[in-house]
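The next block holds one structure in the form of structure tokens; read it before the comments.
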Amino acid sequence: MVTTVTRKRVEILIDSALAPRLIHAAADAGIEGYTLIPVQSGAGRGGRWRDDAVSGASAKSIFLTIASEEKAARLVDALAPNLDAHGMLLTLSDVEVVRGERF
Amino acid sequence: MVTTVTRKRVEILIDSALAPRLIHAAADAGIEGYTLIPVQSGAGRGGRWRDDAVSGASAKSIFLTIASEEKAARLVDALAPNLDAHGMLLTLSDVEVVRGERF
Amino acid sequence: MVTTVTRKRVEILIDSALAPRLIHAAADAGIEGYTLIPVQSGAGRGGRWRDDAVSGASAKSIFLTIASEEKAARLVDALAPNLDAHGMLLTLSDVEVVRGERF
Amino acid sequence: MDIVIATLSSPVILFFILGLAAAFARSDLTIPEAVAKGLSIYLMIAIGMKGGVAVSKSGFTPDLAAAAAAGVALSFALPYLAFGLLTRFGRIDRVNAGAVAAHYGSVSVVTFVTAVEILDRQGLGPAGYMVAVLALMETPAIISGLLLARRGERGDGDRAGGLWHEVLLNASVVLLIGSFVIGFAAGAEGFAATAPLFDGLFRGLLCLFLLDMGLVAGRRLIETRALTARAAALAILIPLVNGAIGTLTGSAIGLDTGSAAALGILAASASYIAVPAAMRLALPKADPGLSLAMSLGVTFPFNIIAGIPLFTMLAQRIG
Amino acid sequence: MDIVIATLSSPVILFFILGLAAAFARSDLTIPEAVAKGLSIYLMIAIGMKGGVAVSKSGFTPDLAAAAAAGVALSFALPYLAFGLLTRFGRIDRVNAGAVAAHYGSVSVVTFVTAVEILDRQGLGPAGYMVAVLALMETPAIISGLLLARRGERGDGDRAGGLWHEVLLNASVVLLIGSFVIGFAAGAEGFAATAPLFDGLFRGLLCLFLLDMGLVAGRRLIETRALTARAAALAILIPLVNGAIGTLTGSAIGLDTGSAAALGILAASASYIAVPAAMRLALPKADPGLSLAMSLGVTFPFNIIAGIPLFTMLAQRIG
Amino acid sequence: MDIVIATLSSPVILFFILGLAAAFARSDLTIPEAVAKGLSIYLMIAIGMKGGVAVSKSGFTPDLAAAAAAGVALSFALPYLAFGLLTRFGRIDRVNAGAVAAHYGSVSVVTFVTAVEILDRQGLGPAGYMVAVLALMETPAIISGLLLARRGERGDGDRAGGLWHEVLLNASVVLLIGSFVIGFAAGAEGFAATAPLFDGLFRGLLCLFLLDMGLVAGRRLIETRALTARAAALAILIPLVNGAIGTLTGSAIGLDTGSAAALGILAASASYIAVPAAMRLALPKADPGLSLAMSLGVTFPFNIIAGIPLFTMLAQRIG
């Protein structure tokens, strides 16, 4: 099998309205590559939500990025103080990638 | 870097029609927080499917939840007998989260 | 808790136009089961993209499959030479599944 | 024979055939899900309102009551017949046969709408209250199907709540009944301001929707792994039997030719919206692939192309 | 009283009530997001163009200038009043009160559109330029709300850029102003070719959109955890006060009855599109659940069902 | 000059400019994907049916055959010219130049539709069969582009199957040809019942679609990293050259002024639907960002605003 290296998979559930700000924060942490995944509905401590399209304000997305451990740590440190106030849900895990130098 | 703790990421592919029942089962296992992600199409032993919108009956979603090991185990135990009959696909993995006490 | 086994979770971000080809490649590697997840937008070395629906050519999807280590390795080996030219992003990770014999 | 020509030369049917052909040729043409769902909501509202407006003119007649009673009775009874055919001739197990039987007792809104469209052009437009009959026929079959599937088993009391809720408040029942009532309340005058949408565009949007139905039905047929030859044969035999029973019943209770044909077509049609969703909840072990391949892949095209003219001719003969 | 009957028997309002009822009964009926968003874009373009065409006929009159100035002033001023009520009677903290106050100073496009629809049927159609007033009232309240929420705090200079951009170029402002200008440029003649879409279908599509609004408002009300009894009471009291102020202002500056009523309804209405998005960016710590439960869950239905006839009657009395 | 004024004052074009402006100002306005895709399906069906109805009246004439042959020849030949310009002046490598050349040999449905709309208002409506020519011109260019890109390389036999399938059965070819045939079969009489949708709403829905096209083209231009100054210049030069050739060809084979202008506009237009998808499959190493920035970001707006009046005036001069 081709050789792979380990990188961090950072998955952040965020209000779509705040996504542009998260993209900025990621760029500040040196992360340029990301993918946004649509989300349908969910529930948490704030009750249920669903994207009603009428008021875009309740739509959420998943911001997914593969990054080096160092960049991921920088991003997490930058976001940590606001995770709760901004209603974000952040998870980190290890993944293997082919040609890891681009992350 | 801020301290993180390990939690379980439970990902369940399920018929959208059965999602309300899964949400109930999760609540019974003590899991209140979850996110539903839309799915486009796929294939498995039952052949190909795609969401045709005409008959909502073939739509699927991904139910994603971050939970403590204990709650995740309770949910998996509750679902295991029906996984196949109900056409669910369940995976478990470890993720790191910030402030894990809420899960 | 019910016993689980470890399998590979292969996640590939791909141009929707190339998905049928990827499905073929997976089948060649012995992987019949997969799920396609829609993707909203993103950015990488090629700049930002979003699905504009006008020219389907810029839409992307996530191809997600759970497979045995062996089959996953076969698929990764088959895809590795073209990952960059075809603009694919591939990650591999371990997940636990119930009744792993089907993968 | 006029009805056959009228059917096959109608743009509505031609678009359905285009969709089928594109699916069989494995073209990548698809109608976005949201658009298809929007169109189906439109069709239900439009037909509901038009039915309500019609009844607001004609009033509640004995015919209406007779048709409603006949529709409910058919929806309850027809699954028993289908179940027998499915288990004996079809060799399908009890749970799956019960699920499939429920589909055939219930109805397909689009089949009905297409039939009305074609009957109208023949001067055989069914009575406005047939929309109410359509709504009433959606759910009784679910009960029969469940009784058949669970025969000899103890009920699943715990889950019944969610099911009844799903059955009685599912989207299509709410839309049909709701807009029927609004059409009835608004009357012809109130309807007029919305007529450019709900009346003027009706035929054109039905073309688009049937294009999508052709694509969906064709793909389902190609991609299914669940459909046996016997099941496919039953997906034509059952609507023939049910449609004949429905048409005869309509005639027997004194409905006009168009309404009797419409009742026949309702009986012949099989649900692919309300019932699959309910069965997924109530009988999660039944294979949704089988019932949808039968109802959507075989019976729907059969009814659109052959069933509508057939039961119309039957109603004309005996009318 | 005619206006009450006209309101409650209009299919537009009946569909809204159907949506509310379906949500309360927990039916699974939903309008696909893409369709709902498409409908809302349609409504803004249609109303923008019609306003522009009307002004291209009437020209820029002193009335127009007076109404525009009054609208902007109301949008700036009303949040201060609302903020007082929210913090004192509502016991809501400063940040959340500022966010909510901004919603009530701004406006709801659909409330306005529904009001125009109902006023038109009464022969009280407001002047075409009220669409421009609507667009102008969307954003000043955001400034007031932020000033209130951040009172005594240093500004967040760094982020302000993105916010101003969002505020001035948000989708609804661009659509309303853009299509107003296009309608003005095209005039009645240029509009004619697009009239079957933007005029003919208007009422029917408004029915569909209000069905969705009923579903969305009803669900928001059921699922909210943020709404206290006091907040709910304020979500009715604030529009009553704002609407009365708006109607009186309209009368005082000499607007015709229909336009004065429309200004009242604009003042009474609360934003649930432009402002929530801006607040999410500018005050991320404010709970969007609270302001949307109030504006969308309570105030919107209240205005559609009671506010529109109320302020119309007020304008008629004092007109 | 009438045509310039007619172009720039048409609501259709004004909405396109609104979309462009909103994109350049980085407004967050977006039309939901599903709605945009639905509109594009609508436009293809509407124009296909109208063409079919027109040919059912006029019959198959020698003009039709000449125009069809000319269209196919142009689609095959034009990529060779474009390829030369792209590799020499544009300094683009062989694979990318082949892919881009294919786009310029093929056609843009919306450019054509907009041109017909504007020509119609000038009393220069092109012949109904030009829709068939449009459909025929979509794919030959793909073959030429591939031959150019792969010159000197051995073919990729294994993959060719999927490609041909994609090329001949792609959604827009199926829709255009399918609805052309349905329009032909239904004739004016059959079309009448669907006319409120496919004719009445046409202009209004085209406004909405061009608003979206403006947004998409503007954003593509802003966000591209692939477009060099030379490539941008070619994205204007190539359509000028191709459009002149197309218009002259049309005149030479004796088409009426409107049809000759339409053939010129088809030649000038560049595909951004069928060809990009085919190239992604056939030349996965070509950068789709480059060809879409050129065809959608530069050529499309150029043609809509300048190309349509230009080739119309040319056709009028030489006609």
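Each chain carries a letter (A, B, C, D, E and F) given by its place in the written order, and its residues are counted from 1.
We adopt the following convention: a contact is a pair of C-beta atoms (placed from the backbone, for glycine too) under 8 Å apart; a residue touches a chain by one contact, two chains touch by 3 or more.
Note that the coordinates shown come from a computational prediction; the quantities given were computed from them, not determined experimentally.
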item	value
Other chains in touch with both chain A and chain E	none
Contact-richer chain pair [D-E vs B-C]	D-E
Most widely separated chain from chain E, with each centre as the mean of CA atoms	C
Rounded Å distance between chain A and chain B, as computed from the means of their C-alpha atoms	19
Whole-Å gap separating chain A and chain D, where each centre is the average of the chain's CA atoms	45
Gap in Å, rounded to a whole number, between the CA centres of chain F and chain A	39
Residues of chain D touching at least two other chains	32-35, 37, 196, 200-201
Per-residue overlap in chain C, given as positions that touch at least 2 other chains	37-38, 93
Pairwise touch network: line, ring, star, complete, or other	other
Touching pairs among all chains present in the structure	A-B, A-C, A-E, B-C, B-D, C-F, D-E, D-F, E-F
Of all residues in chain B, those that touch chain C in their complex	11, 13, 37-45, 60, 62, 73, 76-77, 80, 83-84, 89-93
Touching residues on chain F, where the partner in the complex is chain C	33-34, 36-37, 40, 159, 162, 212-213, 216, 219-220, 223-226, 272-273, 276-277, 279-281, 284-285, 287-289, 292, 296
Residues of chain C that touch chain B when the two form their complex	1-2, 4, 7, 9, 23, 32-38, 61, 66, 93-99, 102
Chain E-facing residues of chain D, complex	32-35, 37-38, 41-42, 45, 49, 165-166, 169-171, 174-175, 178-179, 182, 185-186, 190-191, 193-198, 200-201
Residue ranges of chain C in contact with chain F within the complex	15, 17-18, 20-21, 46-58, 82, 85-86
